[in-house]
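Next, two complexes with subunit A in common: one pairs it with subunit B, the other with subunit C.
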Partner chain A sequence: MIDAVERVTGRIRFSQDASLPGMLHAAAVRSVVPHGRIARIDTAAALEVPGVVAVVTGEDLRRLPGLRPVYGPQIEDQPVVALDCVRYVGDIVALVAAETLQAAQEAAALVAVECEELPAVFDPLEALEPSAPLLHELEPERPHEGTALYFGIRPQFGTNCCNLFRIRRGDVARGFAEADLVIEETFRTPAIQHVAMEPHAALALWEDGRLTVWSGTQTPFNTRQILAEIFGLPVERVRVIVPPMGGSYGCKVFPRIEPQAALLAYVTGRPVKFVLRRDEEFVTLTRHATVVTIRLGLTRDGRITAKEVRAYWNTGAYADCGPDVARKGGFGIVGPYRIPHVAVDSRCVYTNLPPAGAFRGYAVTQAAWASESMMDIAADALGLDPLEFRLRNLLRDGETFATGETLHDVHFAECLERAAAAIGWEGPWRHELGDGRVRAKGLAVVLKGMTTPSRSEAKVGIDRSGRVTVYSSTVELGQGARTVLAQLAAEALGVPYQEIRVVDPDTARTPFDNRTTSSRSTYMMGNAVRQAALALRERLLRIAAERLEVEQADLELMDGSVRVAGAPASALKFGELVEASRQEALVEHGEFRNQGGLDPDTGQGIASSHWHQGAGAVEVEVDTRTGKVTILHAHASVYAGQVVNRHTAELQNLGNIVFGLGSALFEELVYEQGQLVNPNLSDYLIPSFLDLPERMTHDLVERPGAEIHGLGETALPTIPAAVGNAVARAIGARVTELPLTPERVLRAIRARGGERG
Partner chain B sequence: MAEFAVVEPGSVAEVLDLLARYGEEAKLVAGGTWVTLVLRQGLLWPSLLVSLRRVSELAGIAVDEAGNLRLGAMARLRSVETLPLVRERLPVVAETCRQVANVRVRHQATVGGNLCDADYASDPPALLAALGARVVAVSQRGRREIAARDFIVGHYQTVLEPDELVTEVVVPALPPEVGAVYLKYRTRSHEDRPCLGVAAVVVPDRDGRLARAEVVVGAVAERPQRLPEVLEGVAGRALDDATIAEIAERYAAGIEPLSDLRGSAWYRTEMIRVFVERALRVARQRARWEGGRS
Partner chain C sequence: MEQSITIELNGERRALTVRTDATLLEVLRDGCGLSSVRETCGIGICGACAVLVDGVPISSCLLLAPLADGCRITTVEGLSRGDELHPVQRAFIEQMAFQCSYCTPGMVLSAVALLAEHPDPSPEEIAEYLAGNLCRCGSYPRILAAVSDAARLMRQASR
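What follows is the complex of A and B.
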């Protein structure tokens, strides 16, 4: 990585290192009830704490002229500070700004909030009952649509469903009628948290009616847009600067603390910094808990005739990007299979829990848990090898997906076969070691879309010193984006990538990019950077050709200069060429778009301009007396198209396996009446090094001449599903709910009538 | 977090003086791994934190003339785990300390601090109880020794008076024919606290019968669980599989476990049966028991 030295020497300045002279510190007062009407807020004691400059409540917010107090990327449902209602334990009721963090936190603890409690609902199915309390009153006349919405949204007005995404392809009734066998099962996943090492951190500054925010965010342009709307400003008067982040995994997608920091800065006239504590991270954004029911029609010879899915995504108190999660999960749940008749109803549902949003794997982890478990259940029901059953049904090049789009560059079967071979699938799938210990193998294969449509722009420039600079709004969150973009520019310009400067995203300096999500940056932004770099190359060649009085075709770029091929003495340094052009710098622009979209009522169209494809395979050992699962070997095979940086690509695969095993085995947010029971890293565990499988292997499937395929998330969703399939094979019973805790596994063994004492 | 003053006395005498003056207003900080957590969670509001890190006389690890292992209250778990003296004399003590949390915590956490937190979800207390260790507590009023098995009385509660300081833990030498083990069972990450932990110590007599058995189950209730009536009932018996199964069954039946994120009460009961049995089998093997199996 180009910033490796800065990272290991501690010199890198992360988002939470941002500071300004005279800045204040923010603290939030949070709701302790899951649903309630605010009766009274007493801020008197808080205001008396020495060092406190302001305490802002919903009432203050409403009194500020010209402000739009509610925001949201896809549905505008989230107040900057609670207005009348609180909707979950952790909802922000008031904000404090003080000279020190300690004073802010002390004052926050002294704000007295009186609430009339309202009935609350936590389960997405209960939330859709007619008697359930409504969290928001969405009305057709007031669509509350956020500016980051890029697809048709279908709230079910008068209910807690904020988006219903549907796929209708063929006729499922006919498909089931044609089946020899119809099976149905329901699967569940819990809410989990991203646990990025660095918490959310933002610093806001107002100067002459302009707002500048330094923030660790994956979405600088969406954040700028939303801040502009809240404060009634043209976007040019809002600037978002993104320093490198200490991890995100989706938790810093869309504004989360920036509006609050900006509001306090607006009220106090001072810069305000807001950094969340770890316990606040846990109630700020989660991965959607899900309930998914799948019905599958099968023929005796192992074909799938029909698939019907009802999926419920528990999005918590505010929609955030939940409507899109339900949409992407809605087609992800079909799986990479050839199925003539498909009906999917995927609902995003409000409940009185912390908001859920983007999470590495974006809906596909939950989708694959259900659909890939179901594939094994089907194979067992048909008496078929789960690998063979999948291979018979996997989509091949040129075949049509459930959305009606034709798939190209298809490698599902290749990924799956490689993963199966890596763990020795041909050997026994299950064997007993004695003493109640059983080993077994499991597989899973997934498809994952990339945000479509979207757009990335980049600029690449050379100054008079010959230094190459890449201007890109792709954010560095530890994934190595700066390195990969520098490499792509370097290749075109014939300079070592280590010498290229990559400017941190800054909406006032770096051009537009949709966002750093969806494993899209290496492909989308990579192409924009490459285009800009190639244009710059052309320009350098043109100038050099004139100066050297030769044909462009006779020139080559080498070590930061242009020369007549094979004639080092003729070399003109980049800096000289810039000078010769009488410019301070030569800058070229590149842009890359992808096109498509789906009809929200039928799910037909283009879901993704190309597809992320991957398979996972694991061997586990289950102690059938305790239910404890140990992963002995995990393998991920991911289609990469063309690898840009082998080292970081490999780390993505391995990181995804580790992330996946946490989801598979123990990560779970536990709520009691809406109150999170484990908001700390002693009670909520993530994998440690000692949890890693004895063997972790992977491969990157490449094809000469292929497009770059992102792989920051692809392997993750395969792991919990593959582990679930291996465990089911080991114990002869199916656990349908994640995580696969020893207790759940033991209960499944007991329910089957096995092993006691 | 609370407002408090921090003092760093340099001797036991100074610590005792502070405790005598401030009593419950003062909180001792040994390694700080537990105090920091509860301070952050706002569960503790002391006005004075008394750091023990400069009290060097508490940090020793030694074997006395009688062969007892004497662990200073400020001995780090990592030191206990790695010191050759401990590994040779009482390998089970080193082994147990190696099971605690992760290496970063063990470099910081101490023997005395761990006992005094009296957190139910902890590893060393069960082992120390099973080994018949004694906790030495001093105050300006005098010195007393408390059996480790009586030291913790409830959730975060010990028998210590507010003016008392634990100075060391004395682990008696084991007879050479002993078999001792601590089995930790984690249900989540490897760095997790125990769902349960079983310490088992067995001593055979000359005839290959059970001279003495100790079984203590940790992390399943508010304090380590020992069932004397079960242990007395099996003395003099052969340590065969049937006896082991019977002890395991009676421990499972005799303990009323709590539920937490690491396992429900039902699950813990099941696991007590499994792990008491497994621990006794390992202990029997370590004692190189002859003719025990049937």
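What follows is the complex of A and C.
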């Protein structure tokens, strides 16, 4: 990485390290009830704490003229501070700004909130009952005024469903009629948390009616837009600057704490910094808990005739990007298979739990848990090898997906075969060690879309010193964006990438980009940077050709200069060419778009301009006496197309495997009547060195000349499903709910014993 | 309440006035401007705030600053000499043993302490020793390789 020295010396500055003279510190007062009407808030004692400058409640917010107090990326349902109602334990009821963090936190604890409790609902299926309390009253005439509406969403008015996404392809009734065998099963996943090591941190400053926010966010432009709407400003008066992040994995997608920091800065007229405590992180954003029921029609020879899916995504108290998660999960659950008749109803449902949103794998982990478990159940029911059964049904190049789009550059079978080979699939899939321990293997294969439509722009410039600078709004969250974008510019310009400067995202300086999500950046922004760099190369060649009085075709770029091919003496340094052009700098612009979109009622259209494809394979050992699962070998094979940087690519794959193992084996947010009982790293475990599998391997499937395929997420969703399939094979019973804790595994073993006995 | 303490911080004697309830983490980070010392869990589980106190890795979020009085404290800022990186840091770069690198300073310090105790650790010993340092990016395999490399480099250098 070009910033490696900064990183190992600790000199790198994250948003948590941002500070300004005279800045205040923020603390939040949070709801202790899951649903309630706010009766009274007493801030008197809090205001007495020395150093406290302001306490802001919903009532204050409402009194501020010209402010829009409610925001959201897809549905405007989240107040900056609770207005009349609290909707989950952890909802922000008041905000405090003080000279020190200690004073702010002390004061926050002294704010007295009286709430009339309302009935609460936590389960997405219960939340859809007619008798369930409604969390929001979405209005048909204003279903959404959000700003990220790159797709239609379908709230079901008068219910807690904030989006119903459907796929209708063929006729499932006919498909089931044609089947020799119809199977049905329901699968569940819990809410989990991202646990980025660096918490959410934002610093807000108002100057002359302009707002500047430093924040670790994956979405600088969405955040700018939403802040502008809240404060009634043109977007040009809001500036979002994004330092590198100490991890995100989706939790820093869309505004999280920026509106709150900006509000306090607005009220106090001072810069305000807001950093979340770890327990607050846990109630700020989660991965959607899901309930998914799949019905599959099968022929004896191992073909899938029909698939019917009912999926429920528990989005908690605020929609955030849940509507889109339900959509992406909706087609994700179909899986990379040839199925003539498909019907999917995917519902995003409000409940009185912390909001759920983007999470590495974006719906596909939950989708694959259900659909890839179901594939193994189907193979067992048909008496087929799960690998062979999948290979018979996997989509091949030029075939049509359930959305009606034709897939190209398809490598599902290759990924799966490679993964299977890596763990020695042809060998016995299960063997008993004789002492209660059983070893078994499992597979999974996934498809994952990339945000479509979307757009990335970049600028690449050279100044009179010859220094190349890349201007890009792709954020650096550890994936190595700075390095990879520098490499792509360097390739076009013939300079060492280590000498290229990459400007961190700053909406006032770096051009537009949709966001750093969806494993899209190396491909989308990479292409924008490449285009800009190639345009710059052209310009340099033109200037040099003129100066040297030769044809452009006779020139080459080498070591920061342009020269007649093979004639070093003719070299003109980049800086000289800039000077010759009589400009301070030469700057070129690049833009890359992908196009498509789905009809929300039929799911037909273009879901993704190209597809992330991957397969996972694991060998586990289950101790049937204790239910403990040990991972002996985990492998992921991922389609990469073209690899730009082997180090960062490998780190993504390995990281995804580790991340997936946490989700497979132990990560789970546990709620008791809406109260999170494990909001800390002692009770909520993430993988440590001691949780690594005995063997961990991966491979990147490459094709010369192919498109770059992002690798930030693809391997992750394969892992829990592959582990689940291996465990099911080991114990002869299916655990349908993640994570695969010893308790759940043991219960499944005992239930099986009961059946047999 | 405040109290005066004297510590040796990265080889420099420092007299500080600290709140009696301030953690060493707060004092190093906010008081001394050492932003490599980072808080993640706040309860001594993750190792992101690890510093060496008299050569021993300690979660600075759990140590009250007054208790560090008279101690020798090393943060990652104190490891490199000018531009010359510590062999552990060099090995981390060579293996690219990080993604976001938020945990890296704590990892590096724990590895330095490990190698001071065990110059030739097995991969199992490294994993065991570093189990108190979490890396959410999951760069663990690379970190194990980096620590092994560093051990080899340091053994060769001391020969």
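Simple rule for what comes next: the second predicted complex is superposed on the first by the 753 of 757 C-alpha atoms of A that agree within 3 Å, B and C clash if a C-alpha of one lies under 4 Å from a C-alpha of the other, contacts with A are read in each partner's own complex, and residues count from 1 in each chain.
Keep this in mind: contacts are C-beta pairs under 8 Å (C-beta built on N, C-alpha and C of every residue); 3 or more make two chains touch, one makes a residue touch a chain.
All figures in this text were calculated on a predicted structure; none of them were measured in a lab.
Applying the stated contact rule after C-alpha superposition, one finds that A:D324 touches neither subunit B nor subunit C. For subunit A, the partner touching the most residues, choosing from subunit B and subunit C, is C.
By the document's definition of touching, neither partner reaches A:D513: not subunit B, not subunit C.
By the touch criterion stated above, A:P742 is placed in contact with subunit B alone, subunit C being left untouched.
In the superposition on chain A, A:N678 makes contact with subunit B only, while subunit C stays out of contact range.
Using the contact criterion defined above for the overlaid structures, shared-chain residue A:D463 touches neither subunit B nor subunit C, since it reaches no partner. After overlaying the two complexes on the shared chain, residue contacts for A:P687 are found with subunit B and with subunit C alike.
Of the two partner chains, subunit B is the only one that A:T626 touches; subunit C does not reach it.
Residues 680, 682, 686-688, 690 of subunit A touch subunit B in one complex and subunit C in the other. For subunit C in complex with subunit A, the residues that touch the partner chain are 34-43, 45-46, 48, 75-77, 79-80, 85, 89, 92-93, 96, 98-105, 108, 126-128, 130-144. Looking at the complex, you find that subunit B touches subunit A at residues 1, 37, 41, 102, 185, 187-193, 195, 249, 261, 263-264, 267, 270-271, 273-274.
If you check the complex, the residues on subunit A that touch subunit B are 102, 625-626, 628, 665-666, 670, 677-678, 680, 682-683, 685-688, 690-691, 741-743, 746, 757. On subunit A, the positions that touch subunit C within their shared complex are 1, 4-5, 7-14, 16-17, 194-199, 244-247, 249, 277-278, 477-480, 647-648, 651-652, 654-659, 680-682, 686-690, 692, 696.
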